[in-house]
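The structures come next, written out as C-alpha cells.
You will see two complexes here that share chain A, one where it goes with chain B and one where it goes with chain C.
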Partner chain A sequence: MRPGAARAAMRGAALMVAAGLLLAVWVVPVALTLLTSFKNEKEVLAYPPSVVFEPTIKAYGAVLTGPTNIVPNLMSSLIVAIGTTLLTIVIAVPAAYAFARLRLPGKKPVGFYVLATQLVPPIGLIIPYFLILNRVGWMDSYRGLILIYLTFSLPFAIWLLVSYFEDIPREMEEAALLDRASRWQAFWHVVLPQARGAIAVTVTFVFLNAWNEFLFAVVLGGATVKPVTVAMYNYINTEQTQWAQLSAAALVAMLPVIVLGILAQKHIVSGLSAGAVKGVSRR
Partner chain B sequence: MSKKGAVRLAGVGKSFGQTTVLRDVELEIRPGEFFSLLGPSGSGKTTTLRIIAGLEIATEGAVHLDGVDATLLPPGDRDCAMVFQSYALYPHMTVFDNIAFPLKMIRTPPAAIDAAVREAAARVRIDHLLARRPGQLSGGQQQRCALARAIVRKPALFLLDEPLSNLDAKLRVETRVELRRLQRALDVTTVYVTHDQEEAMSMSDRLAIFMDGRIVQIGTPEEVYQKPATVDVAAFLGNPPMNVLPARLAAGEVVIGEARVAAPHLAALGTRDVMLGIRPSEIEIGAGGVAATVTLCELLGDDVIIDLDVGGLLVRAKASGRTRVAEGERVHARFDPDRLHLFDRTSGARIAA
Partner chain C sequence: MTPDQRLAFAERPERRFALAMVAPGVLVLVVTTTFPLLYLIWQSLNNINLSMPGMDRFVGLENYARMWNDMRFWAAFGFTLIYTGATVTLQLVIGLAMALLILRIPRAQWAFRIAAILPIVLAPVVVGLIWRSLLLTPDFGIVDFASRSMGLGSHNWLGEPTLARISVIAIHTWQWTPFVFLYMLAALAALPAELYEAARIDRANAWRRFVHITLPLIRPTIVVVVILRMTVALSAFAAIYAATGGGPGTVTEIINLYAYRVSFAELSLGYGAASAVVLLALTMVVAGVLFRVRRAA
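Now for the complex of A and B:
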C-alpha cells in the first residue's frame, strides 16, 4: 500500500470514530428513552437499569388514549408550529427577496435591526410579552402565541433567506424580464424554484423551534393552548414521576420532527445540487 | 419583409450616483445591421447595451426604438432579446424549457412552442440536448442554448454581450462565423458588445468605438481601421496595434528622434509636433530607411513580429515569416510615407492628411 493511501485510510478511520462519538452523544439518550418507554413501573426504577426485560406498550396506551393522553396537546403543538411556519414563510420570502434585490432607502439599518432582534435573550422579553398579550386579550390563544413566535422566527428566516436570494444572479431575472415576464413571473418561475432548498431549510428550522418551544408556551399558553412540551409535565408531579409515560410522550412528540427532517432532507440536497449547476453558468 | 429594429441613442448619458460612466452617446443603428460596440474593459459598452434593453434607465438623453421614444419603456415592451455574457440560463429548467420560456411568457399554444423550440435548437445544433439541464452542457453548448432562447421569439432586436468570451480560441472563431451567418439568415438587427477588435472587425457592418464612456468613432470596420479618428483608436486596433510615436513635422519631413522620413505630401501641414502612427505591416525591413536594431523576433507562423529599437523608441514591424533577421542585428526600416497617420500631439485627434 502506498503511504498516501495508508494515511487516507487512517484519516477515514479517525473520522469515523469521531463521528461515532458525536453521534453517540445524541443517540444514547434517545435509546435510553426508547427502552424506558417499553418498561413497566417496577423495571423503570430498577437499579442498575435492566436492559433485558419483558416489553410492554402500556405507557403508549396511557399517552395516546388514557385519561391524561397528549393527543389534544399534539394538536395544539401542530397548530402553533404549522401556523408559525406558514406565516413566517409567506412573509419572510418576499421580505428577504426585497432585501436582496430592491434598492430601498434605509436597507442597512433595517437589516441590522432584523439581526439585532436575534441577540435579545428571550427570557428578558417574557414579561413585556405577557403584559402586551394580557392587555389585548390574546392570552392563552393561538393567535397570541403564534404572534410571539413570529417575532423570533421572522427575523431569523429573513436573515437566512436573504443570502440565498443574493446568490441568485440578477441577470437571470433580467433575462426573464426581457422575455416579457412580469416582475412577479420572474420571481415565481426563475427565483423561487432556485430557492427551494433554502426554503426547505427555513421551514425545518422554524417548525423545529416552534415545536420545541417551552418557555413562552408555558407562560403565555394555558388551558386552550397547551403544546406537548408543556403537557409533558402531566407525568411529573410532586409524588412521583411516571418515567415510562414521560418517555413514551417524548418519543411521540419527536415523531413529527423526524418526519419533517426526512421530507426536507431530499429538498435540501436537491437545493444544494441546483446551487452547483448555477455555479457553472456564472461567469 | 418590413424591417424592424432601428435604434437611435440621442445624447445618452448615465451616472451611478456620483460617477458618470457614459456621456453624450449619439448612435444610430439601422434595421438589419450587425452593429458592434467595441472598446476596452470598463468603457461603458455593457451599460450602453443595458440602456438599449431597458435594464438601465439613461440619466441623460433619449432612446428611440423604431422611431418611438422608448427611454422609459420597461424591458419586456421593447421586443429585444439578449444573450448575457454569463448566459443567464435558468439552472432548474431543461434546455427545452429554457428555450420555451419566452414563448410561454407570451402565451403561445403548446404545439407551436414545441415546434418553435425544436426549430431554434436545430438552428444552433443543440436539438439533441433538449432534455438536459444547463449544468450538464459544455460552455459552447450553454452559449448555443442562450442563443436559441434569444432567437426563438423572433425579436426585432438582438443584443449580445460578449457572447463568445467564455469559449476557447478555436470555438470562438468558428462561432463567430456561425453567428454572422445566423444573423444574416434571420435578418435581425444585432447589437454586439465585445472588447475583441478582431471579432468586431470581422463580423460587423459598422461599429462604434468606446473609450472612457464616450464614443470616439463610428464607422465601417474598414473606415475605423484605415482612418482612426484618434490616437487611442489607432493604438487599440490591429494586431499588433499601430505604432504611435512622438514626432515632428518639418519641411516635408517627419522627424522621429534622429531619424527622418521624407514625406513631401505633408509639407502643407507646416512645422508642428505630432503623434505619428504607422501600422506594423507598413514597415519594410532591409530596403533602406531609418537605422534600427532588432530587439526581439516573434514568429507567428506566416508572419513574424519584429521589435525594433529606433533611436530609443520601440517600433514593431510585421513581416513575412520567411524574413531572416537575428536579435541584435542592425537593420534598416522603411516607413511607407503614404501610410503615415498623424494625430495632434495634445488632443490626439486625427490630422487630415
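Now for the complex of A and C:
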C-alpha cells in the first residue's frame, strides 16, 4: 500500500470511530431506559451496572396494571392531544390557506402577529391562565388544558401549513374557479385533497407537541386531567425512585412519539422550524 | 367602470372569503394569547398572594422595584443568558461539525438520521428524569460509572453548583443538537458541488474550503437555526424542572423556573407575573434583533 492510501484508510477509520461515538451519545440514554425497564428493582442498583441479566416484565406489569398504573394518564394524554389536534387543524387549515393564497387586507401585520404569538414563553401564559381558569371553574378540565394548548399549536400549525400551501401548484384551483366553482368549493374539493400530505404532517407534530407538554399540564391539571408526562412522577419521590418502573413508564410514554417521529422522519426539519424560517421574509 | 374599479369589484368576494377563513384563527389567538398576556401585565402591577386571599391590591410598579433589588432574580436572569448562550452555541458547533462529518460517510447516514430523531421527539420532562436517574445518579448512573471508570471519580452531578449548571446545559444540548445536525445536513447537501471541485483544484485545504466556501454559503441557515434554538432555549422549563428543580438552592434557576417557583411554590403570583413580563420582553428583544440580523444576512 502506498503511504497516501494508508493515511486515507487511517483517516476513514478515525472518522468511523468518531461517528460511532456520537451515535452512542444519542442512543445510549434511550437504550439504557429500555434495558432498565426489563430489570427488577434490585438489579438496577447493581454496581457495576449489569448488561447481562435475567429480563423481567414486572415493571411493565406495575406500570400498566399496578396500583399506580399510568393507563388513565395515557387516556388523559390521548384526549388532550386529540382534542388539541382536531381543533387546531379545523382552525389552522383555512387560515393558512388564506395567508398563502388569498388577497387579504393587513396580511403582513396579521401574519407577523401569528408568528409573534409563537414566541411567547409558556411561563407568561401559565400565570394568567391559572387565575382565569380558577375563576371560571375550568381547572383540572380538558377544556381548560386544550384551550391553553391552542396557544402553541395554532401559530405553529398555521405557519407550517402556509409553507406547504405555497408549494401546491395553483393550476387545478384556477381551473376550478374558471369553471365557476365558488372559492369555498375550490378550497374544499380541489385544494384540500392536494394538501392531505401537508395536513398529515401537521397533525403529527401538533399531536407530538401536545403529548409531550408538561408545564401547563402540571399546573392546570389535577386528579381528573393528569397527562402521562405528569404521571412520571408517580415513580419518583423524595424517599426513593423506582427506576425500573420509571423506565418502563417513560418507554410506554415515548413509544407513540418515537413511532410518529420515525414515520414523519423526512419532515422533521420543516416540521420543527415552521414559521421562523419561511414566514416573515416572504411577505 | 374603470378597469381599476372592475378589479376591485372582482376582488371583493375574494377578500370577504379570505377574511372568513382567517378570522377564526386570529380570533382564537387573540382570546387565548393576547388577552391572557394583557392580564399578565395587569397582574404584575398587583400584589396577588394565594396564601392571603382577598388581600389583592394594586401596587403599581412595586413588584418591578422589588425585582430590581432581588439578587435571586438577577442570578436567574444571568443564568438564563448563560444557559441560552451556551446551549445554542454548543448545539450549533457540535451539530454543524457532526453534519460535516456524517456527510463524508454517506453509507452510514441513515443510522444517524434515525438516531437523531430519538432525542428530538422525547418529552423534555422525560429526558430530564432519565438523565437525573439513569445517567447522573452518583454510583449507579451510567455517566458517573464512566467517570469512575476513567479515574475521574464519582461526582454529585446535580448537587454541586457548577456541575449542576453544566449538567442542565448538557441535557438541553443533548436533546436538541440532533435537530441542528439534521437541519445542517439538509443545508449542506444542497450546496453546489462544483464550487468544491474548483477549490480542490486550487489546492485549498479542508479548513480553508470550510471557512471560505461553506461558511459564507450557509450563513443564512445558521442565522435561522440560532433564531429557532434561542427561542426554544428561552422558554425551556421541563428538563431543568425534572433534573434539578432549579437547585441545588437556586443555582440552576432560569427565569422560567424562578417565575414558576415564585408563583406556584411561594404563591406570590403578582411578583411572579412581573418576572414573566421581563422574560417576555427579553424574548421579544432577542427575536427582534435576530430577525433584523436575518434580513441583513
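Note that in this section the second predicted complex is superposed on the first by the 226 of 283 C-alpha atoms of A that agree within 3 Å, B and C clash if a C-alpha of one lies under 4 Å from a C-alpha of the other, contacts with A are read in each partner's own complex, and residues count from 1 in each chain.
Quick note on the criterion: a residue touches a chain if its C-beta (ideal position, glycine included) is under 8 Å from a C-beta of that chain, and two chains touch if they have at least 3 such contacts.
This one's a predicted model, so the numbers in the text were calculated from it and none came from an experiment.
Of the two partner chains, neither chain B nor chain C is touched by A:64.
Contacts of A:178 after superposition: chain B is touched, whereas chain C is not reached. Of the two partner chains, neither chain B nor chain C is touched by A:34. Applying the stated contact rule after C-alpha superposition, one finds that A:243 touches chain C and leaves chain B untouched.
Contact with chain B, but none with chain C, is seen for A:189 once the two complexes are overlaid on the shared chain.
In the superposition on chain A, contact of A:160 is made with neither chain B nor chain C.
When both complexes are overlaid on chain A, the residue A:86 reaches neither chain B nor chain C. More residues of chain A lie in contact with C than with the other chain of the pair chain B and chain C. The intersection of chain A residues touching chain B with those touching chain C, taken from the two complexes, comprises 276-277, 280-281.
Of all residues in chain A, those touching chain B in their complex are 169, 171-172, 174-182, 185, 189-190, 193-194, 274, 276-278, 280-283.
Taken together, the chain B residues at the contact with chain A in this complex read 53-55, 74-76, 78, 80-82, 84-92, 101-102, 105-106, 133-135, 142, 149, 153, 166. In the complex of the two chains, the chain A residues touching chain C come out as 15-16, 18-19, 22-23, 25-30, 32-33, 36, 44-45, 47-49, 91-92, 94-95, 97-99, 102-105, 110, 113-114, 116-132, 147-148, 150-151, 154-155, 158, 183-184, 187, 208, 211-215, 219, 229, 232, 236, 241, 243, 246-247, 250, 253-254, 257-258, 260-262, 265, 268-269, 272-273, 276-277, 280-281.
For chain C in complex with chain A, the touching residues are 11, 13-15, 17-22, 24-26, 28-29, 32-34, 36-37, 39-40, 43, 48, 98, 101-102, 104-105, 108, 111-127, 129-131, 133-135, 139-140, 142, 145, 174, 178-179, 182-183, 186, 224, 227-228, 231, 234-235, 237-238, 241-242, 255-256, 259-260, 263-264, 269, 272-273, 276-277, 279-280, 283-284, 287, 291, 294-295.
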